[in-house]
């Protein structure tokens, strides 16, 4: 029971912190002081207090977009184990639900963007779905591979199965998965080198351009949903990468907490040292991620 | 034999894809050097320690890791352009082709009758996949140096297969094969310099003087 | 031990040519080495074959025939080179002299190599040593040809190496002591797993086939033969292509001893007929004489493959044809070099009327063309006749008829080019070149042609025995 409470508390409270850590890391790398770690929280509160403006051309889809997306992402967050602890919801085949929930969120974000009738947002939606066409197979294949390795069909089963012995036995496949998932982690969360969340040029945006018309609480939900997605995918990634397990529940939570913050630091460093890819390079990189995970599948299916 | 060798072979496969997907020639050359170094270490992993193995290792490391990349980088320095032109099927096409051939290599290798001690090893599929990737690189690339890199991949694939036979192949033949390889690359490097001088470019698709005209 | 001496003499010669500073005197080394080589080859061929160095080296009957052909061809080229290189004073001839001698050494080693790895090394060395020679003219066209030659042949020879590894692995799978010695492998052949043996054969067919110039791996051939000097073309067509053939014959010797030979024979006949067909198509309306000769070489390599596929009596023809084809190609390329020099062109548009401009060259070119296309009394007539009788007597009616039809097309196609080149009127409007027929430019091809004629009419008893013994070596070992 305590674990479930902690799980819920973490998924509700922690995601914006990751954004704060990433921004702080980038600032430090660039030699700036940077915004406070809790800045994303302030931003969220500010947005929630504001009023909303809706274009007359939009329909209910536009208003539903952020809400559905956030709801779907939250539901997905309930399925994923954090650290060594079981999630609140777990059943056989929930990994398919997990993938579909993420897809549902994306579908509504993209549809809401199209609903505005703006050419910029349509362009962003087109890019988003094009790239996720290549990113989604990576997650699916990764889950398949893990499912094959663990022999389980539920997310909690396949994700908590990874261990040091597994790494020694099929390390090659896992390395490939880690590499592929890291690409997807960056691209799905609009990080450099795939997308630049801070860009101010609409033409080069991918994700940000889709949400230009949202304002106030709706935009807050979108921001929060994006942070939550980073948190979920980060947790998924850590499950594959770090098979650290200790018996004590408290220590496990601590390990999870530190590792995900470290992951945020790593992402920040990657963003600082890399330049953004040209848009035409993004599909190629995602394709490479697909190939990596396909290799991994080949290795375990053999 | 052991999983360490298998993991190195996975690394080799990844380098194949990297070479197929990269547009910068100097990255391709460094990648092939890295592949050569990995290959040099492989015999140590797959066989018990023996002076014969050690000589091969040193020879391969020097040849594939140092000499050949150095020769190629030298040729590249003389060349006009550091980036290859768009391959015939594009970079994505290259990567997809590489992935498909790798899958085919695995499927095909599973059907081959292997000696009992070699069952379930990555050596045969990795070798076939590298050879096929080499073919794709040679056929799809237009810059002469990249074609040489493809040829090196082909040779590396053959070398991987040779790991199954280190006991069977006499040292002299193996060393001779490597020596010939270096000599061949050396000659190719010289030709590339001449191509650059003659055509002011190392893009082989410009060489169209010799065709059957009817 | 004679064979080792034969291998080292050209190497020593190569060193000498590399060190001689004078471009005028350097080519004189070639005939000296060639005479010595021919003489010692005679002795080596007369000796009974005995394995050396754990069976790695053994000059058997097949090797002896190849050695004879290589040595004779090289001698002709060497004498020819002396005068030819005087015409090309503007080019540094250090590369060409050294390359020639290294190539001769490697070819000699190839004839005697009974270890497949050693054979591979020797053949690869011939490829490498010829690369600077193809680039002798140092222009854009020749560099293009050299690049294609180098890349395609290197890939081919790499595949042949893979084939050798497959063969060695086949012995491992069969649980035998791994070995790459020819005789041991022949003994192993029936017990080797079919998959690996077939794969090894296919790879070596493609690999050595590239070197021979079998279609569809022949694409480098017209370019390299066309752009190289006639002298180098002679060595490529009579030497290097035959080296590839030797490699193919060695793997053939192993595979033919295995339990099921249907696959190999089908492959050989198929690729051979395809090569002849491709060559015949490209020979029609070919305007460039050297490219024409290259396609003719593709055609004859195809004939070899078909004959190996037919087996039986045709093997005797293979052994005869290997000498006939090599020497006739030598004459054709050397004389085409003269034609090229005389008209400063190798295109039939400009190189017309050789009989009037350079009568000896024209006559020799015509005679060698007739010899090459299988007219009596020359040796290739005898060998091609053997091929046809073998095909029809063994019931390969379709193969035989196709072969006859395609050879006829090739003959007609070549005639369309050769007739104007030999009999036409020399172009009036073009500047006259400084080419003059000299003894050394005409005598070597003439000597080769005389040999071809004599052998076509009368085969000396020792040579006949050697040919029969060599053909016997290509039969299955049971």
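Labels for the chains are A, B and C, by order of writing; each one numbers its residues from 1.
The working rule: contacts are C-beta pairs under 8 Å (C-beta built on N, C-alpha and C of every residue); 3 or more make two chains touch, one makes a residue touch a chain.
Treat the numbers as computed from the prediction; the structure is a model and nothing was measured.
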Handout entry: Maximum inter-chain contact count - chain pair
Key = B-C
Handout entry: Relative to chain B, chain with the most remote C-alpha centre
Key = A
Exercise for the section: Between chain B and chain C, tell me the centre distance in angstrom, where each centre is the average of that chain's C-alpha atoms. Expected result: 30
Exercise for the section: Would you kindly tell me how far, in whole Å, the mean C-alpha position of chain C lies from that of chain A? Expected result: 65
Completion exercise
Chain centres from averaged Cα atoms put chain A and chain B apart, in whole Å, by 37
Exercise for the section: Using the touch rule from the top, collect the residues of chain B that touch chain A in their complex. Expected result: 3, 6-7, 9-10, 13-14, 17, 21, 91-92, 95-96, 98-99, 102-103, 106, 110, 120, 122
Problem - Residues of chain B that touch chain C when the two form their complex - result: 112-115, 131, 138, 144, 147, 151, 154-155, 157-158, 161-162, 164-165, 167-170, 173, 176-177, 180, 183-184, 187-188, 191, 194-195, 198-199, 204, 207, 209-210, 212, 214
Problem - In the complex, chain C residues that touch chain B - result: 115, 117-118, 120-121, 124-125, 127-128, 131-132, 135, 138-141, 143-148, 150-151, 154-155, 158, 161-162, 165-166, 168-169, 171-173, 175, 178-180, 193, 195-196, 222-223, 226-227, 282, 285
Handout entry: Residues of chain A that touch chain B when the two form their complex
Key = 168-173, 175-176, 283-284, 287-288, 290-292, 294-295, 298-299, 302
